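Take a look at the structures below.
Below, chain A partners chain B and then partners chain C, in two separate complexes.
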Partner chain A sequence: MAIIELKDLHFSYTAEEEVINGMNFIIDDRSTAIIGQNGAGKTTFAKLLKGLLKPTKGEILLNGRSTKDMTVAMLAKKVGMVFQNPNDQIFKYQVLDEVMFGPLQIGMDKAAARRNAEEALESVALSGLETTNPYDLGLSVRKLVAVASILAMDTEIILFDEPTIAQDYAGKERLKEIVRKLRSQGKTVITITHDMNFVADVFERTIVFASGKKIADDDTKSVFLKKDILERAYLEQPDVMKISTELGWQESFLTIDEFVGAIKR
Partner chain B sequence: MAGIIIEHLKYKYPGTDRLALNDISLSIEEGEFVGIIGRNESGKSSLCQAVAGLIPSFYKGAYGGKVLIGDLEVKKVPVDELCETVGIVFQNPFNQVTGAKATVYEEIAFGLENMGIPKDEMISRIDGAMELLDISRYRDRYPFDLSGGQMQRMAIAGVIAMQPRVIILDEPTSQLDPQGRDEVFQAVQNLCSQGITIILVEHNMEKIAQYSNRVILLDDGRLIDFDSPQRIFSRGDLDQYGVEAPVYTQICKRLGHKMEDTGCYPVTLEEAKTVLRQRKGG
Partner chain C sequence: MKTISLYVDKGTILNKIAPESKIWYVIAAISIPALMGIRWAGIGMIAVSAVLLLYGKVLRRTLPFLGVSGFVLLTVLIIQGMFWWGNETPLFALGPAVFYVEGLRYALGILINIINILMSFCVLILTTKPSDMMENFVRRGFSPRFGYVFISVFQIIPQMTDTMSTITDAQRSRGMETEGSLAVRIKAFIPLIVPVIMSSLINTKERALALEVRGFNSRKKKTFLNEEVKTAADRYIQIALPVLILAAAIWRITQWLA
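Right, the complex of A and B next:
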């Protein structure tokens, strides 16, 4: 299990505005969702963790070692990131080549890379598309190719940036299964998302960003009960919690099972 | 009049054997807000592109049947003329940006320039669309420097500025935060209340249920149903089509609580609250 520690982390793209403004927290073994308004600094944090950007001040420690002292290639072996837009990630002409590219780049031998790629494609239900050109696929399937490409690298940390965009019911359920499986394998799983129902269903811990700062950090249910925080961060409760809150229940619920079970009691 | 009539529409992408759209017939009233749902690859985006005329003008392939917007048959009208009647906001905003313009303002102006709109009117339309989508502060930014959410708002503004009679939105708010998403849906609903026909593809069933007058359910390129959200989401066979009902409907289905007036399950938060309160004795 990887430990990620942010120490007084700052970042700015321009001299006028800090996008990450002094963040301090530790990401542990709980599956963690990072939520917040557009422009709150979520994707910038992901790029800093991945080493694609360098902190302007402060640092990120990965298992005690500053990412400032690590190259992008070194970080690639530790941190896998599924980009928000799969077109930023995909460039090969065949799905299997695309999914094997990452593992080969981090030094995996060809047989292991192929085995991992095939397993990863199976986990996103894309077996059989190995020789298809990713650009002949719709956005939702292309996003799953991007997910498989990262799973195949078998990194300690997997970071998903808006994974549920364009996914239908089956795609979302598959992503939830993947998160649960990675978690059970001891991987550090982080997602950035605007999909509150996805967070409620599978993420144990939730961190809220607003204007480059962390404004809440707790177990997922506790965070979604902080309505003032949600409002400040342009967020909302998951749908199940909305209805139990609006009906005036003292108890709150994250999932349909929990809520229906309570009504039947 | 800009109602839409689709008659026996069939379409196959080039080099494929499967009908992406398989004998679809339906009609949409002017000023209706219509949601399209279905699993991935069910034909939702293809149907949007066929109504927007991109199928068959841009995407070639085998095409049969017809799509009429008012009295215009879309396949017979060049896309540059059709875009004055129907506008489409793509699923992936990165695909909508022209790449030819240096600022957000110029990007939104692009469609209007091509339509030959007089300068004063262009300025007024662009300012209005930017205000509606709350992106005025980004007017001088380079489009590709915007975040996904900002780019999505810019793409919608570009279409709204062209003032088409029909607006098609393919997952238009997927990259927006929840409050931003609600603002955009409100803006779209306002356009609908002004008589603009809205067609929305969305995987968020709660939003489909909240805003749509009627919902098209597609599967494997075929039209399965076209009815009110209450009747669509009350169907017992949604699983078969890879669709999940809104959370509120799922809760009430599990409890067996239907609405007294319609005999359907609730689909919105308000409807579910009413039913659950009644069942608890108020």
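Right, the complex of A and C next:
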């Protein structure tokens, strides 16, 4: 299990404006969602965690070790990140080669890379497409290829930036399944998202960012019950919770299953 | 805020005057030194552009352009300095390479011309909203296609650099090295360039579709969103600059006759 600790983390792109404004928290083995308005600093945080950006002040500790003196290549073995747009990474002519690229880069031997790649493709339900050209696939499937290409690297920490964008119902269900599975394997799963229903359905903990600061951090249900916080961050409740609130019920529900369960009682 | 356009509204007078006035400036800045045929005129124009850029608060944004062309200019200086056909008087030698006065002087002329053209264009581009410039062209009877291509070029350059840096991040995240020896850079070339090309192809297709559905190809005369504004300053500029160009031409002719 990996522990990520932020210590007085600051970052700015320009002298005028701090984008990450003094953050302190620990990410443990719970699956964690980071939410917040556009420009709140979510992607910037992800890039800091990946070592693509360096903190202007403070630091991030990975299992107790500062990432300050780790290179991007070293961090690639520990933190996998699925970028928002799959077109930013795909360059091979065959799905299998694309998925094997990361594992090979971080020093896995060919056989292991292939095994991992095939397993990863299976978990995103793309087995059978190994020899297809990724650009012949639709955007939503191409995104799953990108997801598989990170899963195959078998990192302790996996970070998703907006995974549900452009995904249909089946794609979203598959992503939820993947998050649950990674969690059960003891991996640390973090997602950045604007999709509140996705957060409600699979993430145990939710952290809210606003203007480079953490303004809430609790188990997902408690966070979504804090209406003032949500308003401040320009966020809304998940659909199911809106319904139970609208109905004026005492109890609140996060997921359809919980809600249906309560009605049946 | 992150901006991807070359133009930023700094609220200076340069942002307020009409695109046409600035286009006249570019024409004047290029043609006056060419007509007069003296080096000092070019240097003078460079100084004028520098003052304008400073005044428009965009001098710093000019530096990348100068940096990129600086490399090319350096090669011009070296090659002409060593090999120009009229070389006679050696000036100095770096090891076996001898540089000549005539070649360097000739290269200096090219240098001044290019920097002058570049900086006057920067005055126009860095202070003018692309859509205003496009409207201006279309009003003067150019095809909207021409206007579109013109502004696309200026939007695509910053957008490409942005895409390029995201792609580099994505590949480095998968453990790929992008910096270091030549061998490392060559190996990194394909994983970086393929996504750049694929995403620009995809973007181009989307742009074309977006234009199509909004009636870009319609043959009807287009209406303009903005009223054309011409301030008093614009009227003066648009009279003064052509007069100056004419004056330079007349000066040159009198030089001939004398």
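Criterion: the second predicted complex is superposed on the first by the 265 of 265 C-alpha atoms of A that agree within 3 Å, B and C clash if a C-alpha of one lies under 4 Å from a C-alpha of the other, contacts with A are read in each partner's own complex, and residues count from 1 in each chain.
Keep in mind that, in the parts below, contacts are C-beta pairs under 8 Å (C-beta built on N, C-alpha and C of every residue); 3 or more make two chains touch, one makes a residue touch a chain.
Everything quoted here is computed from the prediction, not taken from an experiment.
Q: Following the overlay on chain A, give me a clash-or-fit verdict for chain B and chain C.
A: clash
Q: Now for A:210: first (chain B), second (chain C), both, or neither, which partner does it touch?
A: In the superposition, A:210 touches no partner, neither chain B nor chain C.
Q: For A:235, is the partner it touches chain B (first), chain C (second), both, or none of the two (neither)?
A: first
Q: Touching A:87 in the superposition: chain B (first), chain C (second), both, neither?
A: both
Q: Where does A:178 make contact in the superposed view: on chain B (first), on chain C (second), on both, or on neither?
A: The answer is neither, since A:178 touches no partner chain.
Q: According to the stated criteria, A:37 is in contact with first (chain B), second (chain C), both, or neither; which is it?
A: So A:37 only meets chain B here.
Q: Just checking: does A:157 make contact with chain B only, chain C only, both, or neither of them? Give me first, second, both or neither.
A: In the superposition, A:157 touches no partner, neither chain B nor chain C.
Q: Per the contact definition in the header, classify A:167: touching chain B only (first), chain C only (second), both, or neither.
A: Only chain B; A:167 stays clear of chain C.
Q: On the A-aligned overlay, A:23 touches which partner chain: chain B = first, chain C = second, or both, or neither?
A: So A:23 meets neither chain B nor chain C here.
Q: Clash-wise, after the superposition, say which stretch of chain C runs into chain B: 41-49, 95-103 or 221-229.
A: 221-229
Q: Pick out the shared contact residues on chain A: the ones touching chain B in one complex and chain C in the other.
A: In chain A, positions 85, 87 sit in both the chain B and chain C interfaces.
Q: Mind listing the chain A positions that touch chain C in their complex?
A: Touch list, chain A to chain C: 13, 17, 47, 50, 52, 72-73, 76-77, 80-81, 83, 85, 87-91, 101-102, 105-107, 135, 149-150, 153.
Q: Would you pull the chain A residues touching chain B in the complex into a rising list?
A: My answer: residues 36-39, 43, 84-85, 87, 138-141, 162, 165-172, 194, 196-197, 233-236, 239-240, 242-243, 246-247, 256, 259-260, 263-264.
Q: Quick one: in the complex, what on chain B touches chain A?
A: So the residues of chain B in touch with chain A come to 38-41, 45, 91-92, 94, 147-150, 171, 174-181, 203, 206, 242-244, 246-248, 250-251, 254-255, 269, 272-273, 276-277.
Q: So in the complex, which bits of chain C are touching chain A?
A: Against chain A, chain C makes touches at 1-2, 163, 166-167, 169-177, 190-191, 194-195, 198-199, 202.
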